[in-house]
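Right after this note come the structures.
There are two complexes below, and they share subunit A, which is joined by subunit B in the first and by subunit C in the second.
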Partner chain A sequence: MKKLAKSKLFEVWSIIAKEHELFVPVEQEGESVNFSLWQEGEHVNLDHLKTNVSPKQIVFPQTETYLKFKTTGKKLSLENVGGKQAPYVLFGVRPCDAQSFALIDNVFLTEPVDRFYEERRNKGILVSLACSNPEETCFCQAFGITPGEAPQGVDVATWDMGTFLLWKPQTAKGESLTNQLNGVLEEALAQDEQDCQELQQDIQQKLKDLPLAKIDPKQITGDLKEIFDAKIWDEYSSRCLGCGSCTYVCPTCHCYDIRDFDGGKAGERFRCWDSCMFSEFTLMAHGNPRKTQKEKFRQRFMHKLVYYPNNNEGVYACVGCGRCMDKCPVNMNIVKVIKKLGGEKA
Partner chain B sequence: MSCTCNKTADPLIPEIAVIEAIRQDTNDVTTFRVVKPAGGKCFDFMPGQCAMLSVPPTGEAIFSITSSPTEQNFMEFSIKRCGTVTEYLHQLEVGSEIGIRGPYGNHFPVESELKGKDLLFIAGGIGLAPLRSVINYIMDHRADYGKIDIVYGARSPEDLVHTKEIFENWPTRPDTNVHLTVDRPFEGWDGHVGFVPNYVKELGFHTSKVALLCGPPIMIKFVLQGLEELGFKKDQVYTTLELKMKCGVGKCGRCNIGNKYVCKDGPVFRCDELQELPDEY
Partner chain C sequence: MEKIAAKVREVAKQALASGAVTKILGWETGEFWYDASPVFITDEKAADSLIWDAFCVTNLSKYLIKELKTTQKIGVFLKGCDSLAFNQLLKDHRIDQEQVVIYGLPCPGMIDPEKVKKAGLHQGLLKVKRSGDELTFVTANGEKKVSSRSFDYDKCLRCRYPNPVVYQELIGEEIVRETSNEDRFADVSALENLSPEERYDYWTKQFSKCLRCNACRNVCPACSCEKCVFDNVAAGISGKATVDSEEQFFHIIRAYHVAGRCVDCGECSRVCPVGIPLHKLNHKIMKDMNELYGTYEAGVDGADKSPLVTYTLDDTDPFDGHRQGEK
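== the complex of A and B ==
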């Protein structure tokens, strides 16, 4: 294990940024913190627990042009411009958000593999930051995530120890990054490692006292059709405005649209985030199979709690980050749905 | 100018295809024959599979492949004008280049469950498009299948597609019967009049057949009821589902029903499999 003095963070970022694009949580206005490209002078905020939008946007950009086209008379030419070229480091990712990448991997990296996404995943180095102070809206433990550790796949795990970060490479990529920073990192002492263990125990204790500590989706019983026909959907969907905020801030939502930008004789094809909450999502020329907000609302939660787990060995498509709880304008969220479906420990 | 796209394994990137011939079937249905710029069909597929056609800058849409996979020289798509992409396609001329990617989805089990069986095809309107691929595939492997009945209906005689096949070709093949119907009487039409579901019941088919259905959702619903009344079991009936699709490869989420993605796990479903899905199609 290594340690990185917080006073040397700037130095570390400068070194990383020489060979990589470096994405860090940057405070934009007031409390709005989001992952963006590091530049000297930016206000990096590693204390803020949850960025406004999850770092999903780095591996699966909100908008991505992948094809350029040109028409000349009857002729059409196409040029593939998709995929990510530069290697990058994503610094300060929380364990729930890091786990969300594994969930989206299950979608994009299964056959037929999405090459654009695959390139972004392969080109990235993930540096996580343990959550010393989980918030009231956190319930990641319901999905088997330990906020004091780093999930599998994270290249370097870090812990905030006050004046320094403890630094633990977990993969070959993480080792390689650590070697590049050898001049700045220090060796951790036995005492530091012991302090880290105490911090982890302290985090586990805090989790037990959180208001959502008893959320447990595994307590939901009933088969697909039973849950599909449950009365809850009528009751809860009546409040839903169909604004799609929950899907945009969600680290695991991955639905997208494909559209052409019309530039006359030349243009671009891009994909962009879409939402099952929107009325046009499943609209066809001859009508919409999901006619009202009830069907749309139900689709989102059925997908996360039933369909995705059925296709992925029981793993739920939620990491308990609580962003949907923070952002919903009518105070509706997956926790209420899970509770209503019986997903709470006694 | 030939295809300038970088060859890539990414399933979202189309290849160039050229429209070699256009046949106006009805007022709003046109059959497009497409080939690779160098000639020949764009890719191998099985009957029932789909392809995504691109007409930048209007966009992409998924269509079932109408021609048989046994046809090596071209692929055909019978497309009804009903949205922005189809409207644009209908304005294209012979020689126009479009984008194509695929094949997507599963297919009718022509090499397994359907082999050696008596088959009953039931199509309504443009629903004949995917079934024509299977029918012509079977005609090219005729000895492998039993007796064939084709029930096909449209709103009017003018709305019937692939008229050469339905009037001249298929009826003359061995052990093949074509039963045509139109919704109401028309001058000059001396064939059957009435809706497809009722006609199927009137014809009263033997339940040893395997049925393959394609048509508007309301027709499917009533044909299924009719077949059930005749004694057909749900595992003897196949149909295709249609949902909005964008990626075609089970990622964009649009055509998700229950645990399935229509673009990947469908569009062909056996009706006992459909029973397991939530009623959202």
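== the complex of A and C ==
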């Protein structure tokens, strides 16, 4: 293991930024924190847990052009665009958000593989940061995520030890990034690793005291049909405004639409996020199979708690980041749904 | 507010028991100290879950559009801003007064959980109680009293109508608050003082944050079209790409569409997940309208006509009388 003094962060970022696009959690004046391109002088906030919009937007951008087309006379010309060109580093990803990438991988990286997504994933190096102070809306532990531990699959895992970050490369990509930073990183001492153990225990303790510590989707009983017909969908959907806030801030929502910019003789075909909460979602030539808000609302939660796990060996499509709780204009959210379906430990 | 909350439950129970209404729309609490969400109640016993506290910020009026299609008579609790919205919905023929019994709630202001979190007061917080402008933060280690005004939602700090302007029954005492139009449009004046280029940059930056989640539209009582043009696939302008032109298009359409009907309830700015100050757009239009056609406030009166839907011969010509159409 290595360690990175916080006083050297600037130096490290400068080195990384030379050969990569570097995304860090940036706090804009009087505004929220979001992952954006690192630039000198930006206020990087490594204490803030949940960026306003999840870092999903880097591996799966809200809008991505696929194709440009143009007609000249009777000739139609097509040009493939899209995909990620530059290698990049995503620095300071929280364990829940890191896990969300693995969940989206299950969708986009199984046959038929989504090429653009694959390219973005391959070009990226993930540096995670453990959560020393989980917040009251955090319930990642309900989905088997331990925010004190190194998340599986991230290239480098780090822990905030006060004056330095403990730095643990976990993959070949992580090793190679570590090598590039050799002049700046120091060897971690046995004592540092010891301290890290203590930090992890401390985090475990904090998790136990969180208000949502008892949430456990595994306690939900009933088969698909029973849950599908549950009364709660009427009750809860009646309050839902059908906006897309919860789906657009969610790190695991991955529905998209493909649209054209129609400029007459020229245009672009692009992919963009969609939301099951929107009225024209699943609209087909014959009409819409999900006619009311009840069906749309139910879809969001059935997808995360029933359909996705049924197709992915019991893994839920939620990482418990709590963003939807913070953002819903009327305080409806997945925790309320899980609780109502009985997903709580005694 | 706790005494009033008891009355809220009482009133709801009586109304359901007597058959005066078949449904009640109010708020109930949830997981956290700030958690309040709208709730529909048909069973008298369930009325015990109704609350009235410093977090009942969601406007309940908008729900009536959908609800009145299936419910003959509903009882609803409305704050000042909600009541303005109610009047506007009436005027826009979106709801029928006959189907609604309004229980008016004079509102001392609602607390913004984000401000509490920013001040670091949320650690171990169990409950926040409000009495007038005094807040009591209750934690396991004791209670702490503070003034509410530094935690009120921005929209509540600007509130002009804490008392409902329309109701059948008022619950509690009217609230007295000083408000001035000058303060109300101070944010606009600041923007007006910038050069057109600076203003353009300001809004471009703001709109570029927009996720097109539609929360601002869906919460808005003036956005009451049965089918929004942005949801109409056939119109070809649903504009789901996050590019400047689409975002600006969305916002300019929305701002103009609510012009003269926006009741300044502040819900759009409150719900925006990325913090775009949408109220400044609305304020700019209101301010201009006031200067051009005299002071008008949408929602205050359920029957008068907005200056934008009336015409008189001595109306100001905006290209002539009002700064000669300068930018």
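In this section, the second predicted complex is superposed on the first by the 340 of 346 C-alpha atoms of A that agree within 3 Å, B and C clash if a C-alpha of one lies under 4 Å from a C-alpha of the other, contacts with A are read in each partner's own complex, and residues count from 1 in each chain.
As a working rule, contacts are C-beta pairs under 8 Å (C-beta built on N, C-alpha and C of every residue); 3 or more make two chains touch, one makes a residue touch a chain.
Computed from a predicted structure; not experimentally measured.
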Touching A:His286 in the superposition: subunit B (first), subunit C (second), both, neither?
first
By the touch definition at the top of the document, which applies to A:Asn311: first (subunit B), second (subunit C), both, or neither?
first
Identify the partner contact of A:Cys272: answer first if only subunit B is touched, second if only subunit C is, both if each is, neither if none is.
second
Which partner does A:Val335 reach: the first (subunit B), the second (subunit C), both, or neither?
second
Quick check on the superposed pair: does A:Phe261 touch subunit B, subunit C, both, or neither? Answer first, second, both or neither.
both
Which superposed partner A:Gly222 touches (first subunit B, second subunit C, both, neither)
neither
Scan A:Cys243 for contacts with subunit B and subunit C and give back first, second, both or neither.
second
Is A:Pro211 touching the first partner subunit B, the second partner subunit C, both, or neither of them?
second
Once the two structures are fitted together, what part of subunit A is touched by subunit B and by subunit C alike?
257, 259, 261-262, 274, 283
Where on subunit C is subunit A touching in the complex?
30-32, 35-40, 58, 62-63, 122, 211-215, 217-219, 227, 231, 233, 236, 238, 240-243, 267, 270-271, 273-275
Can you name the residues of subunit B that touch subunit A in the complex?
1, 3-6, 8-16, 54, 56-60, 82-83, 86, 93, 95-99, 216-217, 242-244, 246-247, 249, 251-256, 258-259, 276, 278, 280-281
In the complex, the residues of subunit A that touch subunit B are 66-67, 69, 71-72, 74-80, 82, 107-108, 112, 114-116, 224-225, 228, 254-263, 267, 269, 271, 274, 276, 281-286, 289-290, 295, 299, 302-303, 307, 310-311
Mind pulling up the subunit A residues that touch subunit C in the complex?
31-32, 52-53, 62-63, 136-137, 211-212, 235, 238-239, 241-245, 247-249, 257, 259, 261-262, 270, 272-275, 278-280, 283, 325, 327, 329-332, 335-336
